[in-house]
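I've put the structures underneath this note.
You will see two complexes here that share chain A, one where it goes with chain B and one where it goes with chain C.
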Partner chain A sequence: MGEFAGVLLVFLSCLVVTGRCRDDTFTEELLIRPLTSGHIYSHFEFTTTWTTPEITRSIDQYRDFEFSHYDLFPRAFGEIVERYHVRELHLSLTQGLWRHRKWGYPIVDAPPGAQLWVWFNPTSENLDQTWRDLVNALSGLVCASLNFIDSTNTVSPELSYRPQGLAEEWYAGNSSYMRYAALPRENVCTENLTPWKKLLPCDTQSGLSMLLHPVPLYTAHYHALSLHLRPSCKDVSCSSVHLELTQALSLVQGPTLSSSGHQDWSLQQLFSTQLIYTCPLASMSKIYVDVTGNRDMKKFTLDPEPDIFDESGSGPSLRQLAVYDVQAALAGDGFNIEATYKSRHIYGIIPSPHLHVSRFITGYGQEGGSITVKFTNSGSTSLSVVYLEVLPWYLRLFLHTSHSYSHTKSPVYISKLVTARDREQGWLYEAVVEIPASSTIELSLDFTRALLKWLEYPPDANHGFYIPAATISAVLPTPR
Partner chain B sequence: TTMKLLVLVVVLCVAPIYANNVGSFSQLLKKKTHTNNWAVLVDTSRFWFNYRHVANVLSMYRSVKRLGIPDSQIILMVADDMACNPRNPRPATVFNNAHQHINVYGEDVEVDYRGYEVTVENFVRLLTGRLTPSTPRSKRLLTDDGSNILIYMTGHGGDGFLKFQDSEEITNVELADAFEQMWQKKRYVEILFIIDTCQAASMYEHFYSPNILAIASSLVGEDSLSHHVDPAIGVYIIDRFTYYALEFLERVTPNSDRTLAQFLQVCPKRVCISTVGVRQDLYKRDPNNVLVTEFFGSVRNVELTDHILDLPKCGGRGKVGLNNSSGTILKKISSPEKYMYADQLPIHRAS
Partner chain C sequence: MTKLVEEKDMAGSREGAWAAAGFAAVLVLVGLPVWWYTTTVYRAHLPYSTIVNLSGQPLYHATGMTLVGETTATLSVELEKNLRSMQGIKFQISKRKPRKEEIAMIKSAVSLSDLDNKLTQIMHVAAGTLAVFVVHEPDFFESNVSIIVGRHRLTYVKPGVDVQLLSTVIKSMVIDPLANKRAQGSKLLHQLPGMHKREAMRQVPTEPGYDVTLTLMVPEPHRTEIDWDAKAAVNEYLKPVVNQLESVTKLIVRSQVLYMSGLNVSPKWSTDHEHFALPQDQLPLTINAIEAKLGSFVWTRPSLHFVIYIPRKKQMPLHIHSSDGEPTETNSFLVPRWGGVMIHNIPLAKGNASFPHYVTLDSHWIMSTVLTHLHRLLPIPSLKETEGLKILPSLDTCLLTEWQLDGLARARVSYYLSNIHITLQSLCELVGEISNMVISDEVGGWVWGAVEEWSECGQAAREGRLQEATLYCSRSFTQADAAFFHPSMLALLYFPDNQKYAIYVPLFLPVSIPVILSLKMVLGLYWKPSPRKEKVE
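Right after this comes the complex of A and B.
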């Protein structure tokens, strides 16, 4: 009886002090960055975190999650995570190609089409069968044809796609726990946005998700929807952990086309709506505008005035953000941020990022060709990158032809190679490439196409065949 | 008092539907033959010049959703993506009318089978329920012996077949057999089968299962024609039968008393040019007595009960549904000394 009173006292005091005692939190953020190419890059991040003793235990012991009393965390997604031994999951659906050369680096990078990579818990069950069941369940969740992922397009790379969440060395070094697959032909449209929005606690009624109307989103040059689930530290000290679900949406739109050559933009213009209601379930709701290079409002002015300015980094990695607290700002009618440029946009030379890569097919006709990759390192130190290529089985690669052209003969070290088997397994080619400072390296892989049976062609074979994007993993010396 | 509250809530939910007949409420319940509604809407055509077939199926989707059938009970199969197609000058929209009156794609669409998934095998497996165990719920037709199903198909057809994506066909015999399997397994009460293709009447020739009412947009030997071209898009954007059907359905509300007999007259020969074919011999009821909303809308039938249910007390300590295995079976929780993130570029491992 006494301990019951004690628990009640703690419970009541908790209520009084913090307003609500929650295991989970929800935050929403929007970053708007005007690019030097004249486009506007918008990046939404909706983050739901969840901490319970059961979740902490599952993270510590690498066991399956056991969720109960769902509140802000979406139940439709949680049940899939529980059932299929998922520890970390990253799913992205993208339309368009991110142009690293012109736009720099995105916050979350994604190839065109669908990409799914998952780290599973160590389990005695057959992970290939679990992977097959998981992709079927996810295809129903996001209304995409992810069920076409099978053994012919699934790989387990050795050095790429390391866990982004908490992972000890014995786990992170064993890539048999992870699976990666990409479907380049997958398209994104409103039917993928609809279930994705329904995973958000406030749906489309209030908060930053009010801005997500399909027509401006799909008229963009680049559009990427993604879901990221990972166990991570709650704070910098990392004394406790939580499960973090991040739903991100990246957009690149071009406003200079509309208003007389000025790169003017506003929330109304970008998303065809203003913010009217704030999400009551969000503990933080902020909009950041990247004002690096706009000291003293020389290039453009922002209306209304930002609440505070946040500065980080120095030198080439300096970044300044103008921060708006949406929950404080939404007192009356709609909230709209407008940026007005003083002069017309000049299409000048855009400084190239530290590392950029170009990949293309050479050759002509249907019989064969070669896949060529050009790495350009414009920095002052040499870079070691991991290059991952996942190819379908019907491209018969000639590995003896993989050359590299550069002034200095830098070796290419193949870290993992899985040769294809007809109709069963695709190619995995993973190599460590060292790129000297201020130079360009070219790698090429010759191939010839296998003859397919007539039923193996898709109904629209006139399109040709889509090859998944290659992945380059690198750690850059400067954070920019 | 909780029981009385439950009855009150139930009556309040059902009252708007039967606003006019509050008195004969229980009689109405007895007359109803079905308890839930499902819709299977299939577009079988791929490529930009078949835009109109996608607009057809989305018009039906829009009507059915507006009249109350929830997304969880609609199976929408669209073989190609028109809304986000690079050739669409108005992305994320599909219009049924050159003057852009209605965006039938909407902001809330959920497509269950899309692109290459729309095949004859998937369609027949969906109808008969013979799906792999890992098929998600949104891709299953979970009907029972109290379901009314609306099945709408559109695409390119011929005498006795319907073409799927330019690479395969379903014949009228296969379709009839699929329906018979559904009848044997008691997967429907009544089916309304609508087909909008050329020579559509051939598809219902071989049906032999009871309680199917079939409507075809043209008879054998006739072509179904499309309505009009949108010069901005460059292709025909809707077929005649579906255009007039949509016009009719836009004026139907969830508590409307329009009958199926009126729906059968929706496209007379002077506007449709082809003759609408109807097969009624397998359907026992008189279409004059069947409401349109019995197939296009959703019935939420409620059974009033007057015996008391004991609901368990809620809010007790301990989690609901979790195996109470904490403490005895598991070993003591040992959190790691220090949590760490993985090395993102473990190149040292390679050399």
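Right after this comes the complex of A and C.
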């Protein structure tokens, strides 16, 4: 009786508060973090969640989704997910390099160029053919030349890129359901932004997507556009599941120094437009400003005053955010946040993050060289990291010469190695590296270059050859 | 001394002649075939003669018709004569007297709809055929009505019925006349006068499956919150139709909601009707704004779109006006071969009500408009009640009657047959004309399969087996299309001629010039000795 009344109350309150209970929700958030190097890091996140009994069943039983009636979830993307047996999808298009040493860790990390990794449902169809069809469909959706992804740059790593959504042990451990590919040469421009914006329910007419004006976005130091689809829990207790589509845009814009050398910034200055309308379909629309280290507004002041302050973590992982509720703030006039600094910006020594890595090519000439990676662990505990390297087939690696230099000889455990076959398959080198506390380890892989046929050279020979970025997966002791 | 030199010369030149002849022989007998064999374009063998034969075969549907009841001989003879003139359909009329149970049923029936239900159960009219029942009891028929079309495949007529009227009704029931004309040959379309040509273009081209997309457009979600359970509406109204049409065509229904985008129209306020009037000539421009969000993104099936538009507050209420300045009855318009658009007006919010204003849509009106449009887009035969003709109203208005389903299947099979013929013929012509087209074994296999199924389909249509004909034809159509549009055929299509010369000329010219010149020497040897001999002697 008590439960019945409780359920009835919840049902009624749902109706009263929102008018009707929707299957899907849409939220938009923006985080602005002034970096110690003088840059401003902005991160937009547009999240659409969808839950119906059929979706829940598909997620629990690892079956293909069957979408029939779309509302806030974009149909263009839903049809691709439905047809190609996709369970989890992560696509990112990036221009620029994220400098971990100076800027810390981003919220969503992405290598320059295009990167796509997908977890498929267990199906009897040939996954390689499905992967090829999916890649072609996605390249049509985001207007990027993802169709250059083929067997020579696709791999299935063993330990890296585990599912970010719900997955059981038997599924997450089986890499045959997963494909990863990266195209480092891919350019990102407005023609990728436009179809990405069209996937949002409010389009560009209202809400935070009004701030996405192409000119300031594409003159930034770092610009990353990404699409993440995953099945996840609705709440902490995980009593119900939903399908979550996150569209994220990360931006690092150059120092916004005024004439007096103050790192003043404002939304108007960063994005060249103002927020005027709120998205009526969004259940939550918030802007966060990272004010860690700005206790009592000593370093800079924010105008207008933030609604609330949110604090999380402690010690080195302390984070303080000033929260603005956009839906409450917008009342017809434009909404603009301004930060005014009290003193000039000092380009001082920036404390390095816990783990940072530098990767470069040594050697000279066209014949060969070596890829060298330097891991630096500046923390007080030793770290085990998984290092993934995907190389094109025309770099012939010499594995017997891969070695590491360090004070204590720490072995490198190779978890997966796929040797290349000319014109058919690329290299996959995945190793687990143990980095002792407060030390630097160097790993190097020698290679010689194979002779290419005249049609296989990339256009514009002066650019050289683009090698995909390596991936480091680690579990850091402190949440940052 | 000179003689020795001459002899040596002659011997040398004889050897040289043999050498030159040998080179020429190798070049012609070995080189040419090897070159030809290694550079021909691979072509699988196609059944050209079979395609020509099948194109010549007549294209018609055999439709059986049973005439039940006490009739005069002239009725059936006249009927047969009238029906013979129909193109594309051959009627096979059989007569019989009514059985005891049928007569008893007529006597005991309360109304004609009751009689219709009961008779259908005992008569078992086969699929693809029709039956005409002559009923002598006059109280079933109203004063000036002589033909009543039943809900299933039966038609009831009075004994003294006008044969012309009956044959017109039967011709309209068997197949949609415009679809028939279109399927008979595209040349006939050009001959149609203006209005009929437009009407004939209204129907969607026949394909094995269609994507039906319902789009709800809400341009101002901050003002109105629309409550429309698309899933329930589709399950209640569209699902029965989709299930009924399963045997004939596959319809996949989806729905979506588009927010913040409107149709870019500029209606004018009409004071006498107290609403905004959207003139008919602005209608073609409305769809451009939302074109990008319509259509399937992964499937190649043709799409049928049905758009439901909620007007903006400043353009409410919005009505479509026809060319005579009067509002249309149904506030909707049909786009030929594409779908339909309807404008759903919602009640205005009261003065100081809080935003957003919560509105429920009239699902029944929306779905019945969708079904009406769908019926007009598919080649379904329809009858209008005229003088002397009455149609029994069906219990469930969204479902088709059985004779309509048969008519739809016939129209589709006719269209399939003509389309397959055109596709395969074009493929053969293309392949014959362009010598550079590669025909892989896969494509060849499809063409052979398509031809086989095409002949089976034509045979089934001529024998009146509609179900099988539909199955064969849809398979044949899919295979013929796959073969025609396969990209592998274009692999060597645009191989430039100058590249051919760039390869052949440096390869063959330096070899063949000395060979040809030495052939001249060979010839010279066989010509010269005769005057020489004379000189010596």
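One rule holds in what follows: the second predicted complex is superposed on the first by the 457 of 480 C-alpha atoms of A that agree within 3 Å, B and C clash if a C-alpha of one lies under 4 Å from a C-alpha of the other, contacts with A are read in each partner's own complex, and residues count from 1 in each chain.
Criterion: a residue touches a chain if its C-beta (ideal position, glycine included) is under 8 Å from a C-beta of that chain, and two chains touch if they have at least 3 such contacts.
Keep in mind the model is a prediction, meaning the values are calculated, not measured.
With chain A as the common reference for superposition, the partners chain B and chain C occupy clashing space. Contact with neither chain B nor chain C is seen for A:337 once the two complexes are overlaid on the shared chain.
In the overlay built on the shared chain, the residue A:280 is in contact with chain C alone; chain B does not reach it.
In the superposition on chain A, A:201 contacts chain C only, with no contact to chain B. Judged by the touch definition given at the top, the superposed model places A:79 against chain C, while chain B stays out of reach. By the touch criterion defined above, A:355 reaches neither chain B nor chain C.
Judged by the touch definition given at the top, the superposed model places A:69 against both chain B and chain C. After overlaying the two complexes on the shared chain, residue contacts for A:146 are found with neither chain B nor chain C. In the superposed three-chain model, the partner touching more residues of chain A is B, compared with the other of chain B and chain C. Of the two partner chains, neither chain B nor chain C is touched by A:326.
In the superposed model, A:32 lies in contact with neither chain B nor chain C. Between chain B and chain C, the overlap after aligning on chain A sits in one stretch of 6-14, 42-50 or 330-338, namely 6-14.
Chain A residues in contact with chain B (one complex) as well as with chain C (other complex) are 68-69, 137, 140-141. Residues of chain A that touch chain B in their complex: 54, 56-57, 60-61, 66, 68-69, 95, 132-133, 136-137, 139-141, 143-145, 147-148, 158-159, 162-169, 171-173, 185, 187-191, 194-195, 213-215, 217-219, 232-233, 238, 241, 384, 386, 413, 415, 432, 458-460, 473-475. Of all residues in chain A, those touching chain C in their complex are 19-20, 67-72, 75-76, 79-80, 83-84, 137, 140-141, 198, 201-203, 205-206, 280-281.
Those residues of chain C whose C-beta lies close enough to touch chain A in the complex are 221-222, 225, 227, 230-231, 234, 253-257, 259-261, 292-293, 296-299, 356, 358.
Note for the complex: chain B touches chain A at residues 46-47, 81, 83-84, 90-93, 105-112, 114-117, 132-139, 165-167, 319-322, 330, 333-336, 338-347, 349-351.
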